[in-house]
Each structure stands twice: as C-alpha cells, then as structure tokens.
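Several structures are given next for inspection.
Each of the two complexes below includes chain A, the first together with chain B, the second together with chain C.
For the complex of A and B:
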C-alpha cells in the first residue's frame, strides 16, 4: 500500500478561513499549508496508489475517475472561492510531503502576490457562441446539367461563406462587448462542431474577468448584445478565475 | 462561487438564474477549466496533462456527449465512448447508403456513374454518351451483392 500524497487544490491569500467540514478528493478533509509568506495552500491527503506517477497516468485516462476527481477538485476550489482570494491550480498537482508545498509557496511568493492583486474582487464569466445550423437546401430536385450542378455548388459555397463571415463578425462584436466592461478577456480554443453535440459551429469560446461591482452591468450588456443575435449564446458564471490564474499562455 | 448561473439565447428575455447543479454540461465546463486552465505548478509527481493524447481525445468526447449525458443520466461514460456513440447505427446507415449508391449507378447511363465519366479521358465511355440504354453493358458489371468490394482499378480511374 503506497503512502499518502499531498494534493494541492489552490493557493490563497491569508488569512486562512475556517476549513472545518470541507472535504475534497476521496472525501479527505482539506487543510491549510502555510508558508512563510502571506499565502497558504489548500491541500489534502490523497491515496498514493491512485495519485502516484504511473497510477495517475492511467487514472487520467479513466473517464469515470477523471470526472469524479475533476468535480472534487472543482468543488474545493469553488467553495474556497467564496472565502478567499485564490489561484486555482491545474488538476493533479501532487507532492510527496508538505515540505515541498511550503518550498513552492516560498519560491513563488512574488508571482502569487501579483496574481492576487489581479484577481481580488473579480470573477470569471464564460461566453460560448454558436452559429446557426446551416439551412437545408430548398431545392431537392436534381441538377439539370453539369453546369447547373456547378452553379448550385458555387451558390451553396458562397452562401456558406457569407454565413460564416456573418457569424464571425457577430462573434467579434460579442467578444468586444464582453471585453468592454471586463478587466480582461480571453478567447479559448473553439470546440469542433461534431464534438460539442450542437447543431451550430462554435464561433466564440470566451472567458472574461469581471469586477464584482460591474457584474450586473456586464450581464446586462451581454443580454443586450445577444438578444436578437443570430448566434446561440451560452453564458456561465461566476467562476473562480481559472482562465486568468496562469501566466499569459 | 456557488451562485454560478447559466443562461442562453434565444429566449434570453426569460432568463432565470439556475441554481448550480452537477449536470453533464457542468462537467464539460469543469473539465475544460481544471485541465486546461488554472496555474500549472510542477509538483513532485510529474504528469503533464497536455502530454496525454488519449486524455485530450476523451475529454473532447466528454464535451461532445454532454447532451446525451443529460438524457442518459450520469453513467453514460462507463461504456466505451467510441462504442456508445451510435456506431451500430452508422454502420447500418453506411450499408444502406452503399446499396443506394450502387442502385443509382446501375440506373445511370453508362459513363455517368462517377468514375471515368470525364470526356476525353476514356474515349469509349465518352463516345458512348447518354443516349445508350442504361443497361447496355450491364452483364459485364459485377453483382454488387456478391462482390465484397469494388475493384481498385475502378477507383483509380476516377
């Protein structure tokens, strides 16, 4: 039986809030590891036979394990987001001993200080926009000739291109509006249409860092921008600012 | 942050913040964030999430299947996602379509069936033109039901 390891969920700004009753991965309690600075790490013991290097590699390939662990990780981060200014860590940041975590807190103290200044009082919002599904061809009759076929094909392509351009322009505009009242905005990788399970093509996958004080204004601006838009838009938030916690990457 | 809301257009006017729920859609959102965002700090156990190619593919399948996940409940990913994604249906549809294409090709005048139909490429076929009876050389054709697959030269001609 491998010995327990130390899993770090997030690094947060002091003071340490009440962590009583907060549990994370494998139902283990979450506790604070404090360095010598103004920061602490939210950590928990995890089973070594699940989070050791080789076990971790194969577990990450197991969707059931991954889904459960991701939820548990996020659950802790999300709950702590209420209580502290924090920087969420990517999934599966694991140490052998708490000493390693303390050393990390010390080594990165300056960078954490900078991140906390950036994130304090702000939350992340997500905006995903999808272009409408392509219109089915009105004319189902067969082309009368090769030239007719080519003509139709050209028309279909140019209609599709026009729709794509319009959707891109609408996405640009939505992103601009979302950035307007936000401290920062990022466009994340778009998900391929066949993978989102939606009829339309994803044209915007944005994350926006919004001041708590501007929340209502930002939501209202997005509402106004997407009402009557040709795009289908999904807004989620507030999130702990995952997308703004890293270095600029 | 437990007051996370979700709203969408169209129908944005009826927007109502929904209480946070552990739904399939949430899972996709969560995975996107905890795997791809968040600060990456090298712990003692070194697993680069981005190095695991299969992981990425499967995550995308998770994202792909959120609507289905909602319909099916939470246990959908316990089955192999590549098998659960309607593969049987696809094979059936494929067979139906193949049969239909072959039926259509038989009905078409010779030379118009896609391969070798370009003028000048194959003098005999081009000259045969569209006035030929559709089944002029039907006896020479392979029976598609008994032929396991079309001969390779048919494809290379086109």
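For the complex of A and C:
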C-alpha cells in the first residue's frame, strides 16, 4: 500500500476560515498549508496508489475516474472561490510531503501575487456556439440520371461549405464581441460531435475573463450579438477563472 | 458572518457539463512542477470516451477487449 500523497487544489490570497467539513478527493478533508508569506494552499491527502505517477497516467485515461476526480477537484475550488481570491491549480498537482508545498508557496510568492492581482474581482464565463444542423434536402425525388445526381451532390456540398463559412464568420464576430467587454479571452479546443451530442458543429468554445462590474453589460452584449443569429449559443458561468490562471497552453 | 453575497458561482441545481469542466481543468490552472509530474496535454477526451464505450460494451466480468485497465488491448 503506497503512502498518502498531498494533493493541492488551489492557492488562496489569504487564509480562508471555517474549512471544517469541507472534503475533496476521496472524501478526504481539505486543510490549509502556509509558507513564509500570507498565501495559503488548500490541500488534502490522497491515496498514493491512485495518485502516484504511473497510476495517474492510466487513471487519467479512465473516464469514470477522471470524471469523479474532476468534480471533486472542482467542488473544492468552487467552494473556496466564493470565499477568497483564488488561483486554481492544474488537475492532479501532487506532492510527496507538505514541506514541498510550503517551499512552492515561498518560491512562487511573487508569481501568485501577480495572479491574484489579475484575477481579483473577475470571473470567467464560457461561450459555446454551434452551427445550425444541416438543412434536410427539400427534393425527395430520385435523381433522373447520374449527371443529375452529381449536379445535386455538388450543389449540396457547395451549400454546406457556404453554411460552414457563414457559421465561422458568425463565431469570429461573437468571439470579438465577447472579448470587447472582457479583460481577456481565449479559445478552448472545439468539441467533436461525439462529445457534444448535438446535431450542429461546434464553432466556438470561448472563455472570457470579465470584471464583476461589467458582468451585466457583457451578458447584454452577448445577448444582442446572438439575437437573430443562426448559431445556437450556450453561455456558462461564472466560473472560478481556471482558464486565466496559468500559462496559455 | 453573514451569508456571502452572490454565493452561487453556478446556478444551483444545474449540473455543469463534464466536458466544460474538463476543458478548464485540463487546459487551465497554474501548472506547478509538483513531486509527481504528469502532462495533461495528452489527455484526449474523444479517445477516452471511445475507450469507455469499448469497456462498457465488453461482456461483463471477463474483461474481454481490454487489458484490465480499461484500455483496449489492440490500442496502437
């Protein structure tokens, strides 16, 4: 049986009171680790046989494990995000001992200070946009000849390409509007249809860092931009600013 | 202490989509060189979800089609 490891969820600007009862991965309690400065890491013990290096590599490829761990990680980060300015850490940030976490807090103090300044009073919002589902063919009659079939096929492909171009342009415009009132914006990878379970193609998967004070204006701008649009748009948030807490990867 | 204002970061009762969460957890957050260093860059949700599908349709109990870790034996 491998010994327990220390899992770090996030770094907070200042101590967060009342952690009693807050549990994270594997139902283990979340506790504070402090370094030399005021910064404060939210951490918990995790089983070494799940979070050791070789176990992690295979566990990350197990959808059930990944889903559970992601939700438990998020549960802690989201809860603490209500109570403090927070820098979320990447999934599966693991140390052997608390001493390693203390050293990290001290070594990275300046970098965390910069991130707290960047994230304070701001939240992340997501905008996902999907092109409309392909129009069903209006003509149900059979092609009269091979040439007729090819002509119809070319026309269908050409229409589809035009629809794709229009959807891409609309997505670009939506991203521009979303960035306009945001402090920062970035795009996550587009989801393949297997992941979305939707008929339309995903054309935008954006994340935007928005000032709390600009929240209503930002939402109104998005609403205005999508009124009458052919895109299907879904806004998520506010999120703890995961997408703006690290290097752009 | 009074109740925190704006306490719902995400609307209560609405479960966030796993894929939206994983977008953020796999491509966001500060990356530190912890003692256990793994890269999240290679985590491919499509591949994982297809594997999960393979596992879920394999006959229960005998682990057919997988090597016991949920990975198809014929993978690459």
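Quick note on the criterion: the second predicted complex is superposed on the first by the 242 of 249 C-alpha atoms of A that agree within 3 Å, B and C clash if a C-alpha of one lies under 4 Å from a C-alpha of the other, contacts with A are read in each partner's own complex, and residues count from 1 in each chain.
The definition used in the following text is that a residue touches a chain if its C-beta (ideal position, glycine included) is under 8 Å from a C-beta of that chain, and two chains touch if they have at least 3 such contacts.
Fair warning: this is a prediction, and the values are worked out from it, not measured in the lab.
**Q** Determine, for the superposed arrangement built on chain A, whether chain B and chain C clash or fit.
**A** Aligned through their shared chain, the two binders clash on chain A.
**Q** Between chain B and chain C, whom does A:235 touch in the aligned arrangement: first, second, both, or neither?
**A** A:235 sits against chain B, while chain C stays out of touch.
**Q** Quick one: classify A:141 as touching chain B (first), chain C (second), both or neither.
**A** Once the two structures are laid over each other on A, A:141 reaches no partner at all.
**Q** After lining up the shared chain so the two structures overlap, which partner does A:226 touch, if you call chain B first and chain C second: first, second, both or neither?
**A** first
**Q** What is the contact status of A:83 with respect to chain B (first) and chain C (second): first, second, both, or neither?
**A** second
**Q** Is A:51 touching the first partner chain B, the second partner chain C, both, or neither of them?
**A** After superposition on chain A, A:51 lies in contact with both partners, chain B and chain C.
**Q** For chain A, what residues appear in both contact lists, the one with chain B and the one with chain C?
**A** 5, 8, 11, 51-53, 56-57, 60-61, 63-64, 66-67, 70-71, 73-74, 78, 81-82, 87-96, 100, 104, 108, 115, 123, 126, 188-189, 191-192, 194-196, 207, 236-240, 242-243, 245-247
**Q** Which residues of chain A touch chain B in the complex?
**A** Residue positions touching the partner: 5, 8, 11, 51-53, 56-57, 60-61, 63-64, 66-67, 70-71, 73-74, 77-79, 81-82, 87-96, 100, 104, 108, 115, 123, 126, 188-189, 191-192, 194-198, 207, 223, 226-227, 229, 231-240, 242-243, 245-247.
**Q** Touching residues of chain C toward chain A in the complex: what are they?
**A** By the definition above, chain C touches chain A via 1, 4, 7, 9-10, 16-32, 34-38, 40-41, 43, 45-52, 69-71.
**Q** Write out the stretch or stretches of chain B touching chain A in their complex.
**A** Contact set of chain B toward chain A: 1-10, 12-13, 15, 22, 27, 29-41, 43-47, 49, 52, 54-55, 58, 60-68, 77-78, 81.
**Q** If we count contacts the way the header does, which residues on chain A are in touch with chain C in the complex?
**A** 5, 8, 11, 17, 51-53, 56-58, 60-64, 66-67, 70-71, 73-74, 78, 81-83, 87-97, 100, 104, 108, 115, 123-124, 126, 128, 188-189, 191-192, 194-196, 205, 207, 236-240, 242-247, 249
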